[in-house]
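Down below are the structures I want you to see.
Across the two complexes that follow, chain A remains constant while its partner is chain B and subsequently chain C.
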Partner chain A sequence: MLKAEPRGWFPRWFWPSFAGPASIWLLLFFLLPFYVILAVAFGRLDQVFLTAEPVYNPLQWNTGPFRDVLGQLSDSRSIAQLTFVRTLGYVGIATSLCLVIGYPVAYFIARHAGRAKTFFLVAFVAPFWISYMMRMFAWVNLLQPDGYVNRILTALHLQSSPRLFLNGKASTVVMGLVYGYVPYMILPLYGMLDRINRSTLEAARDLGAGQVKTFFRVTLPLSRQAILAGCVIVALPMFGDYFTQTLLASTRQTAMFGNLIVSSIESSLVNQGASLVIVMLALLMIPMIYYLRSTKAAQEMADR
Partner chain B sequence: MSASASSLRAWIMNPWAKARFLWAIAVAYVLWTLLPVVVAVAFSFNAGKAQTTWQGFSLTRWYADDVNSVWQNTELRSALFQSLKLSGLVVAIAVPFGVSFALALDRWRGRTAASVNFVMLFSFITPEIAIGVGLFLLFTQAIQPALQGFTAQVFGLSMYEMAYAVIIVRARLLSVGREYEEAAMDLGASPAGALRRVLLPMLSPAIFASVAIVFAAAIDNFVISQRMCASAQCQTIPILIYSSARRSPLPSLNALASITLFASTLVIGLAALAYKRASGREGKKATAVPVGL
Partner chain C sequence: MLQHPKDRPNPLSRREFLKRTAAAGIAIPSLAAILAACGNSSSTPGGGGEPTLKLASPDNPVTLALTADNPAIADGLASESGPLKIFGYSDYIWKKVRNQFGDSFGGVPVEYTVFDTPDEMVSKMQTNGPDFDLLVTVTLDNIGKLATGGLIQPLNHTYLDNVGAELWSAIPDYYDVGRQYSIPYVVFTTGIAWRNDLISTDIGAMDNPYDIYWDETYKGQAHLLNGSRDMLAVGLLRNGYSPNEDDPAIMEKVKQDMLAGAETMGWKFDHVDYTELSSSTWQVHNTWSGQMVYYQYYLPKGLDITSLSYLWPPQGAAAKPGLVSHDLFAIPKGAQNPVLAHQMINFLYDPANALTNYTYEGYQPPMNSLDVDTAVSKGYLPESLNYTFITQDMLPLGVTQLELAPAVNQLYQQIYQEVTGGA
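The block that comes next holds the complex of A and B.
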């Protein structure tokens, strides 16, 4: 007897209807907001009050204010460009540091933790459910002039007077970014390193490669995809981060691109804020799509 | 001192031992990530007002007693309730929507499903500030500004955190397969009955896990909550920490932050136990829960 086609048991509309609520939610609160961003950025400006008037018809869009923002970003003396370049620098350095710190830790948990593996896994997952604000707030208190970091450094005679870590130091902001986002780097790296088959490594060793050579010829090439994915997933939120900078420095000299967006929105220059968001998303589009494609490929590989 | 330092050095550099260097890095990493938080929690039990000097242990000063405790200070208490209300509502919307969306994706493998899924994953990796600004403009420019505040926070966050539930439940659906509900329908169950009596109970560990992770993510959310909030009434705990961290806060702020930490740890721990028990009963290897992403 032929087995009936299982699909036939459910009415055709049955499963698609399950996507309804979520699709409506995404349409209303994800896609529509982006359309409003476009409508505001390409909308009119009130001549007297300089308030934005969104224009919803794309045929009447006015690119003038948006081009002004682009002009500012390409003017090498403007604050906007300075902030933009600084953000690229911070994100670049912080992402590299995340990789330098994250890779050995992920490698250790995947290969060498032994019986302590569960402990290390819990310890490394913990930051995901500890509030980001609380983690930054903890550093604010530690880095105060009379905080523990200064006291320890003074007690060890590494400095004679307390250092003002929180007065607009770029290094503090970069440290904060690394601290905040490094778990997101470890996650894909650990996932990849844990999946590498031990027999592959043993084969390399049997063929005469030493520990170091096995690492460089086998492990590192196999984890290349995860390294890229980790860098993207760490760099994306860093690029839009504004709160780390505000908490740990809050000076003009350390302001990031996110601060630029927030300050234009908060000072009612919504038009400028919307344009800056468009610029940011246009730049991040390629890494975002790359990330989605690479995780999709990894997912399909895991399903097989 | 120098003798112990050189023996430590010898211990680390010993080429015959296994990965001591990596051990040292990993232990240092764990200390670096967790010690600051431990210190912050410890200061929520400080007897004095200082944030940087330990003045003795007091169990309830910043939690219940006094005029400045979480319970007595109106600003702190209102933030606590606001956070709980917000994350409760977000869980109540995002988890059912996410579960039903995961079912749709798994069973209705059309091109439309794939593109909606793409949009959802896109929403998940878009820098939050872009979503925050978009929602802000939607509520202030396009819709009634009166909706800004708590309602807008609920709408925006339930959209943003939905993806966690979808990802977790989909992973579970892959391991469950279709056989059970097909068997139920062979035995005469209606589609809705098979879903309710067979599939949903099998998904319950994944649903528990989604509730926990969405709750923890919502209670910690800062960017979207802050962009949607223009008044003191909708201030949540992260917003309050952000706005008062730099202007000499009291340890009761630590107490408030610690309460969120305890709450999410409790919820995540319970969900992990439930997940382990449910998947242990089936005698299968537990599907990895993608924590964080």
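The block that comes next holds the complex of A and C.
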């Protein structure tokens, strides 16, 4: 156990004051904007401009639009529930694919890349220095009927005619999500896998475990927290993503929850849009809380 | 790190809990008061009482009110030193033309800020209106709001002599009688564009050209404009209703028609048809006539501009109703360079400047000196698309989207969301 920092001559407020900048940052850029969202969700609509008229006094809040949104989400025929369930599906599949793709990559870099480890890491991450929007635009070109993807598939005789990837295909949207977010899965996995003490693995081998058994009994359990972290880091922004769908599909059949929010906020349904944001935030708290509890439990276990 | 229970911080005492609760109780109203002070508490920035919006239509022309606290600029003022700050859709005034304007007025700089949607424009005008000098491309359904809300200033027509000489007399002004606050900028129709090398149907000969969007032969190949008004206009016009319909029963019927189409056809919703139609990703599009000029710049090798067709339904064999409209110039209240703003409007009504701008911008200015022969002979409009050119006698054939009552506007938005899922 680490020794506590010596108090020395410092006044009582000295060390806590280090949290000041972060606290101010959070207050200014998270809590205040969130309160504004609440004020919009429970506020009024300007009857001339049809724009939001936030109400900051909770005693004057109008809960009508929020109740409407809750009603819509519980109605299986509503577009709100439809897009919510679809988004859940997309995010679930895309997160799983990110894990399936990301884990072997992270494993390879951490364990087998040797001196080229840094090169592989940089080579892998470098394309993602380009903005998300530009990368998605690139996919629009690649996936067009006469784009490179179709040309290659046709040249390899994997298809006889160009596949219309951009004509409202769920698979294209999921592919876009995976492509966009997979590095955020790889980096935490790599960080954890790289830190696993090799003597632990050698001990398992000495005790008679084969490579496969060592992986499943030692490496995988030890990387469980990183898997969880990667899934949370990837799934949370994916859930609010709207741009990928807009660029790669933009149809009713593929619309995501984020699209519904943006569409509401950009229209006279702005109170409803803000209510959808609150609902989404509340729902996303569930995996977040699970992750935090799990991390805490793992930490306690490690400290025993 | 696992802590021994004795080392853990004490749980909140009752006294501490009450103290913190009281602090929070004080803080929340204070926060609310601070935020309220920062916000826009009134929908009448121009002052006065609660504004009432009069809905304009050809049968109900509206003269927008002039107020003492929002006068037009005086006659004969000298130009300001700028910079002239323009707020408009992307590329709606060619940079070359903006530079020419700057050069004509002693090297005054011209800045251009872009908005993406009319809603975004209105929102920014509410918060930052005086930051801009000239508002380009205000849609007809927004001009009443901007004037009633005191966000734009009246125009002084003594600075706009080119406008008086050039503006089509057939352009209506029922939304702003006497053009006190606005001047038309470009005119356009909304119609059907398609790849005639990929689509065998003769859309112009159809009994109802709007049926093409429901024709399952083109499933997965049809595109509608995004935005509640334009998208719903397709369903309303297909079924013989006004694009400004407000009867909930009719709207429900049209919604069901649109839902069926969206489900079976897999419509895509956006307004970048010129890139998609040119690349054969999609084959039939609802679009604006002004966009058709853009297509030639996106054509892949081997595809000729004659592969593209455009139909404004009133010009089809069945002469079905179709949309026609125009966008407007306006000057924000509190603009720092209102004289320059007037001069820019006038500059764009100079025939030579207007033609140069049209070359790039694609949308047609409603000016007497611009005719289709000139546009084609000078290469501004491909000959095969000369029928996208609008003439004054076409205006009475079309219908225009008007401003809607707030509740009707919300109904349109709700239906739009249900049909598109927000896509």
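We adopt the following convention: the second predicted complex is superposed on the first by the 245 of 304 C-alpha atoms of A that agree within 3 Å, B and C clash if a C-alpha of one lies under 4 Å from a C-alpha of the other, contacts with A are read in each partner's own complex, and residues count from 1 in each chain.
In this section, contacts are C-beta pairs under 8 Å (C-beta built on N, C-alpha and C of every residue); 3 or more make two chains touch, one makes a residue touch a chain.
What you are looking at is a predicted structure, and each value in this text was computed from that prediction instead of being measured.
Looking at the superposed arrangement, the partner reaching more residues of chain A, out of chain B and chain C, is B. In the superposition on chain A, A:Q253 makes contact with chain C only, while chain B stays out of contact range. Once the two complexes are overlaid on the shared chain, A:N57 sits against chain C while remaining clear of chain B. Looking at the shared chain after the overlay, A:V36 reaches both chain B and chain C. Contact with chain B, but none with chain C, is seen for A:I130 once the two complexes are overlaid on the shared chain.
Applying the stated contact rule after C-alpha superposition, one finds that A:V262 touches each of chain B and chain C.
In the superposition on chain A, A:Q245 contacts chain C only, with no contact to chain B.
Of the two partner chains, chain B and chain C are each touched by A:D146.
Residues 32, 36, 39, 54, 144, 146, 166, 242, 246, 250, 261-262, 303 of chain A lie in contact with chain B in one complex and with chain C in the other. Those residues of chain B that touch chain A in the complex are listed here as 18-19, 22-23, 25-26, 29-30, 32-34, 36-37, 39-40, 43, 51-53, 96-98, 100-101, 103-105, 107-108, 110, 112-113, 116, 118-123, 125-131, 133-138, 140-142, 155-156, 158-159, 162, 166, 174, 178, 182, 185, 191, 216, 219-220, 222-223, 227, 237-238, 241-242, 245-246, 253-254, 257, 260-261, 264-265, 268, 291-293.
Chain contact summary for the complex, chain C toward chain A: residues 1-2, 28-29, 31-33, 35-36, 39-40, 43, 51, 53, 117, 119-120, 122-123, 126, 145, 148-149, 220-221, 226, 228, 262-263, 266-270, 279-282, 300, 406, 409-410, 413-414, 416-423.
Of all the residues in chain A, the ones that touch chain C in their complex are 1-2, 32, 35-36, 39, 45-51, 53-54, 56-58, 79, 82-83, 144-146, 164, 166-168, 242, 245-246, 249-255, 259-264, 266-269, 299-300, 303-304.
For chain A in complex with chain B, the residues that touch the partner chain are 6, 9-11, 14-23, 25-26, 28-34, 36-37, 39-40, 52, 54, 101, 104-105, 107-109, 111-113, 120, 123-142, 144, 146-148, 166, 179, 182-184, 187-188, 233, 236-237, 239-243, 246-247, 250, 258, 261-262, 265, 270, 273-274, 277, 280-281, 284, 288, 291-292, 295, 303.
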